[in-house]
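Inspection log for the structure reproduced underneath, given as structure tokens.
First chain written, first letter: the chains are A, B, C and D, and each begins at residue 1.
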Amino acid sequence: MSTRTDQPDTTAGKTSPEKGASPMKSALSLLWIIGIAAVVAVPFVAPSLKLLFTFAMAKGLGVLGVTVLLRAGQVSFGHALYFGIAAYAGAFLMTAMPSTDFLIVLLAGVAGATLASIFVGLFVVRYRGIFFGMLNLAFSMIFWSILEKFYHYTGGADGIRLERPTVFGSALNFNDFGMILYYVLVALMVGLGWYTMRWFNSPVGNLFQTIKTNETRLEYLGVSPKRALLSGYVLSAALCGVGGVMMGMAQGVVTPEYVWWVRSAEMVFIAVLGGAGSVQGAFLGALIYEAVRTYASVYAGDVWQMILGGFLLIIILFAPGGLIGILESLFKRKSDKKGGGK
Amino acid sequence: MKTKIMKRTVSALLASAMPVVAFAADKPDSLKIGMTAFLTGPASVFGVPARDAAEIMIENINAKGGINGVPIEINFIDEGAGAEALTSEYRRMVQSGGAEVMLASISSGNCQTIAPLAEDLQVPNLMWDCGTQRIFEENDYKYVFRTQANATPEMLATVAYLLKTKPDFKTIAVVNQDYAWGRDSWDIFSTALKAMKPDVEVVAEFFPKFGSPDFSTEISRLQALQPDVILSTSWGGDLDTFVQQASQRGLLNTSTFVLPLAESSLERLGAALTDGHIVGARGDHYFLHPERRNDEDFQAFMKQYEEKTGDVSVYPVFHASQAIAALTGAYEKAIADNSVDWPSEDQLLAALEGLTFQGLGRPVTLREDNQGVEDQLIGTSVQTGEYPFATLENIMIFDGDQLTTPVGEISIEWVKTLDAGFVDAISFDQFDN
Amino acid sequence: MTDALLETRDLVIKFGGVTAADHVSLKIHAGRNLAIIGPNGAGKTTFLNICTGWLKPSQGQVLFEGRDITPLPPRKIVDRGVARAFQIPQLFTEHTALENLLIAVSARDKRRNTVMDMTQIPERAEMLHLLDMVGCADVADTVVVELSEGQRKLIDIAIALALKPKLLLMDEPTSGVASSEKHSIMKILIGALKEAEVTSVFVEHDMGIVENYADEVAVWNNGNMQLRGTPAEILEHPDVIRDVIGEVA
Amino acid sequence: MNLAIFLLALFDGVAYAALVFIVALGLTLIFGVMRILNVAHGSLYAIGAYATVSLTGYVLALGFAPVLAFPLMIVSAVLVGIAIGGPLEYFLLRRIYDKSEVLQLLVTFAVFMILEDVQRLVWGTQPYFDSSALQVLGNVSVFGVTYTAYQLILLPLIAVVLLLGMRFFLRRTVTGKLITATTEDREAAQSIGIDADKVFLFTFVIGAVLAGLGGALASPTTSILPGMGADMIVLSFAVVATAGLGQIEGAALTALMIGLGRSFAVYLYPEISVLVPYLIMVLVLLVRPEGLFGSPAARKI
């Protein structure tokens, strides 16, 4: 497999810790804090948006998984597999043992996704580029077919219900559970987002990201590129799993559509839209995507795909850094102006 | 301890945040309702006609002054945009869009998602088209009603018609879409057949994937096997492709096709669907309904619909008409029963219990488990030359009461208990065309 | 003298019709600097590739510290203490110079940490020192694609040094480096290697460098070593002047 | 399984493989030359089918003979190639050749989404069916099983002609050699004066015509409806990756494997027929990571 010279432009959202004007950085950090505060306030300020945010955060966690892989220059067209496996793991658990606790369901889902990713990962980490993407696609489609075929167990295309789990032992009503889910998602978003950023900067994360630029050198550092890729692959799948099982609980039902290839492509789509390689971009992208999709399908039912497609084209052609790139350049301009005034 | 505090905090927060829900019995300016349907994707062959029909019917109702002077305002949600978009838009419509009643949905999967959601949101939901029999057999619902039959009576009527018109067949093969409907309908059909005519041999079972563009291999095999009867509960493009390809290769001349959903494809199949095949309509739905075709309201609507869309009506149009008839019927009943200007939600729910209403077909009654009891129309295809496509002859309309799984029983278990006598005992009306 | 640090026995490899390694047998002893010279296409890089496991010979063996490493992949050979610098620098192009070294040292120490900021690892000072040594301290925080070819070569060598190898194989270490700096760099480099008791093999075209910094010189041609001796012996050999130096000049 | 059934399965498999190959051929050609995996290929396939049905319906309604359906297929395919493929390359893809594979793929995915809605706006959501072309050729009977001559004879014939034609074109004609040269080394090709832009445009149009032709040829046998492109593109991807990227002969062999695998599955174990393309892909790549006909790229260090 050749290391291509024109590697994916996924550094857009990456700000090297050493560089970058510090006023801009602090202004941006402030923006993120305001953003998180706004997300926390949504259920009270704009309850009608709560569900949109719930879905966006769950999907954003999945996109975060795809973002991890993009950092190694790899793109998977089958990561919905892990989104779906986790959701089904949760649903099967709830069916087998009703009134299981919410935390157990979450853990079961993530465990399912992680185990599956080790199994699939051992195979796919031998491949790069298009082959890597296509093999992931093949595995997700195989799982999809299995879900459809074994309909006695999986409910086929109709899927299976993921009953509302208990929360620390108490059965909650619909609205309370929705609230819990929402704030757990906020916590997961912040916590896992923070962890992923740390991971990117950590020794293991850096070794993983060198897959993108130079596997030869990596090999000559005494590191197995496959192992390095596997570490990120499993992380990415686990993140997708968190997103998937949370989405399953939010929806109350899981269907094979979770695994369908268009879902995988959609996650890559959102990752690039938000700013490929950027943690914040994953969530920002997911929010914008869900909003456009929801409102476009309501107000422009016939052309919502067209609107999304056009949106993506504009981003790629005119703002390759994605939404995060646009934000950063806005802040850069502002802080440059300030700097000039000194 | 911790959880208690948390729960209390959450509840307090909720209480302060939730808008006060008032059950205003005052007459609203308009009655807002929402309807989910496939406006995109393969199932839009059902969704788009249903939407067009609903729009016409509501226009007609509003032209006559609405319900007790209140006009109806309908908004649609595209089921084709995916489950998230569907549920979030459904919730938005109910929680902040002011929708009083929801009509959902076409997909059985979506019905399974939405039924508990409607219960949680406490919004009356009329399941207007989905076929799964599981909903009321697995759970009790207060807010969810089904204004049409489900898969069980639809399949039993087909079996009954087949046994009455072609009692001597020996072999059968099935070609169904590979998803829940295809599998479930075959489960019911084959179980019923085994119970009523145990000597029939199933020679092949095919479940090509949903949306399959090619059935050549299946058709080759069926030609080699030469079964007496070929069942397919497929619909839309899949059914069209299968029947067209089978017709091109002469399979329609050697086997009798049993197509419980073909009423919705008659126009598109044109000359491909030759004489002598069994066609169903998921209820008593047929644009030449033998009992209704001379009625003034029926004719007027058919004309309106054809002018608007250029097509003849198919069963989702009838299903939409039933849901809207149930809606108006329930409001009118609640208003009359309680002698109010406008009913509260509880009064509306009470009116829906046991309601009888009539759309474009025969009257439908809601049972105590909220399942509608709908009669079933089945016929045999014939190319008369009057239309550029097949119409029906030897039509039977079966009594829905006898075909519907008794309250509290599970369909498959109940169907297993039936026997050959069931077909003889069933009451039906017969029409030449 | 003790046993050889690296020994090859009868290495053969062919690419199509070309024999790139033609029964190569040689020993490299600890503590020595061996320069390999020879015309283009003589098989010098191929030899380094076989020694580091990148290419598998169709015949023959490579022994490191007396143990057969022929079937091992490069990373296993690196683990045994063989580092490599490349003719075309193999760097992590999206990382800064310092980060490149930090990644190398993380790999060397097998760091498994997933939360700690890599730039804060204890070896940071050591790596800064290494950068300083190769004269790249001022570009520590520059992303390496923005550096000159010469600087990238030096970073590439620094990465190899960061691994603290027992044997360092370098492919034209000073090509691309400004000629005014070549000697000072080599002086520091060889000094550091001697100090750390690292054995080295370097492919070199600049006879001035060979003359000044190699303990021994091996002459390559047609896929095999033709001559071996001290710089003085080799550089005055008429065949070498005709075939190698002549071509370079 | 007796010989008759074996042969029947073989016929069905070949007919199906022919169609898959024609679509995958365009995709693999574009990928081989331009290194772009074109998701919108599926849309071009669908639009080719829609255009054929509309044109045929229109022309036949004027009272012309049904045999005209055949030239109309070619007209539709060329129309798709020139009216959609051309502008797509010229105005859009040309701007992104310096971008990464992922971004290129996403651009075509965005185009795919847009074209999906365009199809719906133009042709609506109701399925179309027009089998005039197929009926012209009539049926053939083998072992008591009736096949349409169109599927049993014509489609495989066209596939073979296209395979041989493409080989001849790429190896024996000047334009073909220019394309091959550009494929192998774009910079070298440019340095000897080949106009890579023109080559790319030409290649993309040819690829798009092949997608349209696939749709046109499929149209008499199947319902034309929204979403048909999405299914085809996944299948074509599987073919292209299994074959080895840019490998035309590999695509033919893979299409055949998938076609036969699927039809034998229908005879022997229908439940796995859907899985066949993916299983073949995984198994082939397990043994040959570069695909059937792909060769490992040498890395210079």
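In this text, a contact is a pair of C-beta atoms (placed from the backbone, for glycine too) under 8 Å apart; a residue touches a chain by one contact, two chains touch by 3 or more.
Labels paired with UniProt names: C = Amino acid/amide ABC transporter ATP-binding protein 1, HAAT family; D = Amino acid/amide ABC transporter membrane protein 1, HAAT family.
What you are looking at is a predicted structure, and each value in this text was computed from that prediction instead of being measured.
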{"item": "Neighbouring chains common to subunit A and subunit B, by label", "value": "D"}
{"item": "Label of the chain whose CA centroid is most distant from the centroid of subunit D", "value": "C"}
{"item": "Centre-most chain [mean C-alpha coordinates]", "value": "A"}
{"item": "Rounded Å distance between subunit B and subunit D, as computed from the means of their C-alpha atoms", "value": "38"}
{"item": "Between subunit A and subunit D, centroid-to-centroid distance (C-alpha), Å", "value": "32"}
{"item": "Distance between chain centroids, defined by C-alpha means - subunit C, subunit D (Å)", "value": "50"}
{"item": "Centre-of-Cα separation between subunit C and subunit B, whole angstrom", "value": "76"}
{"item": "Set of subunit A residues in contact with two or more other chains", "value": "7, 145, 148-149, 216, 302, 304"}
{"item": "Shared interface positions of subunit C, touching two or more other chains", "value": "86, 90"}
{"item": "Touching two or more other chains - residues of subunit D", "value": "120, 271, 274, 301"}
{"item": "Interface residues, subunit A side, partner subunit C - complex", "value": "7, 11, 14, 16-19, 195, 198-199, 201-207, 209-210, 212-214, 216-224"}
{"item": "Contacting residues of subunit D [partner subunit A, same complex]", "value": "37, 39, 92, 95-96, 98-103, 105-107, 109-114, 116-118, 120-121, 230, 234, 237-238, 241, 245, 271, 274-275, 278-279, 281-282, 285-286, 289-291, 296-299, 301"}
{"item": "For the subunit C and subunit A complex, residues of the former touching the latter", "value": "52, 73-76, 78-79, 83-84, 86, 90-96, 98-99, 102-104, 106-108, 111-119, 121, 141, 143, 159-160, 163"}
{"item": "Of all residues in subunit D, those that touch subunit B in their complex", "value": "4-5, 8-9, 11-13, 15-16, 19, 120, 124-127, 129, 131, 134-135, 139, 143-148, 151, 218, 221-223, 225-228, 231-232, 262-263, 266-267, 270-271, 273-274"}
{"item": "Footprint of subunit D on subunit B - complex, ascending", "value": "39-42, 44-45, 48, 178, 205-209, 211, 213-214, 216-218, 220-221, 223-224, 236-238, 240-241, 244-245, 248-251, 268-269, 272, 311"}
